[in-house]
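Going by the order they are written in, the chains are A, B, C and D; count residues from 1 in each one.
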Amino acid sequence: MRIAIVTTGGTIAKTYDEADGLLKNERPVIKTLVGALRLPDLAIDFSHLMQKDSLELTDDDRRRILAEVEALAPRRDGLLVIHGTDTLEHTGALIHESLPELAVPVVLTGAMRPYEFRDSDAQQNVTEALLAATLVPPGVYAAMHGRVLRFPGVTKDRQALTFVKREAG
Amino acid sequence: MRIAIVTTGGTIAKTYDEADGLLKNERPVIKTLVGALRLPDLAIDFSHLMQKDSLELTDDDRRRILAEVEALAPRRDGLLVIHGTDTLEHTGALIHESLPELAVPVVLTGAMRPYEFRDSDAQQNVTEALLAATLVPPGVYAAMHGRVLRFPGVTKDRQALTFVKREAG
Amino acid sequence: MRIAIVTTGGTIAKTYDEADGLLKNERPVIKTLVGALRLPDLAIDFSHLMQKDSLELTDDDRRRILAEVEALAPRRDGLLVIHGTDTLEHTGALIHESLPELAVPVVLTGAMRPYEFRDSDAQQNVTEALLAATLVPPGVYAAMHGRVLRFPGVTKDRQALTFVKREAG
Amino acid sequence: MRIAIVTTGGTIAKTYDEADGLLKNERPVIKTLVGALRLPDLAIDFSHLMQKDSLELTDDDRRRILAEVEALAPRRDGLLVIHGTDTLEHTGALIHESLPELAVPVVLTGAMRPYEFRDSDAQQNVTEALLAATLVPPGVYAAMHGRVLRFPGVTKDRQALTFVKREAG
């Protein structure tokens, strides 16, 4: 199977700058993370779109992500979008609304704790997102913490620090 | 969701004895492994059946595993069986043949490299098996290395050191 | 041998807050770090004085550290002070000047990268500081990155991100 | 400072063979281990002499180790010998007796648990051995578990699984 991973930055890819003591989005970490997994069936390619905290993503950034998903989807069996958790729900909703005819799963994931930390949830979440991309029907999803949630209606629970389905009103 | 994890030993649970320099099946490691994952939707209980290299499992051992799966399945939404890879296919085939009316997924998994090693595949495989247990229809499966393979016909590829579906003859 | 470890905060003890994405000095990490070492000869006790970035240490804080070192030294075979690297040289100089009659080694150490990171230098530095405390003559030292530097004249090299001896002028 | 590291195998360098499930001395691990340390003052070169469980070292093997130490010592500031713990005391005693005029420290170390394990003592022991090589006077030593023990009289405590000084009789 052919999977493309689109990176946009986010907490998962924050790295520590020893000179000033700050966490920054300066480089993707996903190739290292995926390189540690055993995935004999998957041919994975990477599209490093941007390195941003998701709170700083502009409408234009989101349109670039959408365009990349649209461009890659026809030649892949599934897509991952690595994204900051703070606005993941907006990007997922945009893809869901804009691409109703998607023929493959598009799975958004990220982490609550940067990959560089010993007890990061990054490896779990990317493992789950990759497996979900091979198992679920076409559509837009958020995968994290043992959950695979289908858009629309996915939102971040800021108390529990994970994603949930919004209650229908 | 309620998940039960049945442990039987296997490579995944081999631990190092510093006094004699040998790897041994002396205690399960799965609670430590699962404790490092974030799984807010899963209520997991553990059934530590036996601590054996799977090459040493007897017919009687396999009947005990089958009986445990049969006993637990009605009160769970999914089951994991942690198992050595060398004879995982025999235990999976026995469960598949003996319990055709299973109402939940039973997912067998293990590891090629013990959990205690830095670069073990144990965490990946258990993460995948747990997610598969929440996504796939009732039946018996092996989950490992990005694959979720349904019985019958699952076998270990001893060259590639992973599981595959046997070619129909 | 009896060793006391005085903690003051610093980069080594910065931990990640998932709710706001910030690194903070909220709790010491040294007991976890030392608990992973094998030190059959050492009886270690901990004195958690404060949790501060060392740029925020006041003169009063430094006097508290000095008082703690003075109080603990007579009943120990060596002392460690876990400290932020930005002002470690000032605290070390103060102890050196104020306690010229020290009968045991006082070794200051910390890290350029917080202990919670996979590739932190924290474990190396604390391992070195503990060994130095058992090997060097009484006096005040900074131990880090394979170096054990005796005060006075120790300073942080902000280019190389490590400690060096200041050139005599 | 120039340090040479002579590798001979031992528990520290046992690696796991996934095809047969056995621990074997097939390749040195020390370059990876040392590569993770920050040692700006040390220029380290490696001499991979042999890959053996130390119980299998012959008299001839020990003579080769001795010859290598004798050849390297004049052009280095210190030497490490990475060695299995079971017969480390014999190799150390041989170097001590054969080279009474050593001008630099020769520090033997190893591990009770292979480096590839998550909770190995390998990194601690090598960190300590390297620091000891920069701090102690010329002579032959075993460094491990917070102890730097000078030959003669060093022996493995097979109950405590560490090295101690033999009581004078």
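Here is the rule we go by: a residue touches a chain if its C-beta (ideal position, glycine included) is under 8 Å from a C-beta of that chain, and two chains touch if they have at least 3 such contacts.
None of these values were measured; they are calculated from a predicted model.
Shared contact partners of chain C and chain D, listed by label: none present. Looking at the partners of chain A and chain D together, the chains they share are B, C. With centres computed as the average of Cα coordinates, no chain lies farther from chain C than B.
Inter-chain centre distance (chain A to chain C, centres taken as mean C-alpha positions): 39 Å. One inter-chain figure worth recording: chain A and chain B are separated by 28 Å, centre to centre, where each centre is the mean of the chain's CA atoms. Chain B and chain C have Cα centroids separated by 46 Å.
Touching of two or more other chains is recorded for residues 112, 119 of chain C. Within the complex, the chain B residues that touch chain D are 11, 14, 16, 18-19, 21, 23, 53, 112-114, 116-119, 158, 161.
Interface residues of chain B facing chain A in the complex, by the touch rule stated above, are 36-42, 112, 119, 121, 123-124, 127-128, 130-132, 134-136, 145-148, 160, 162.
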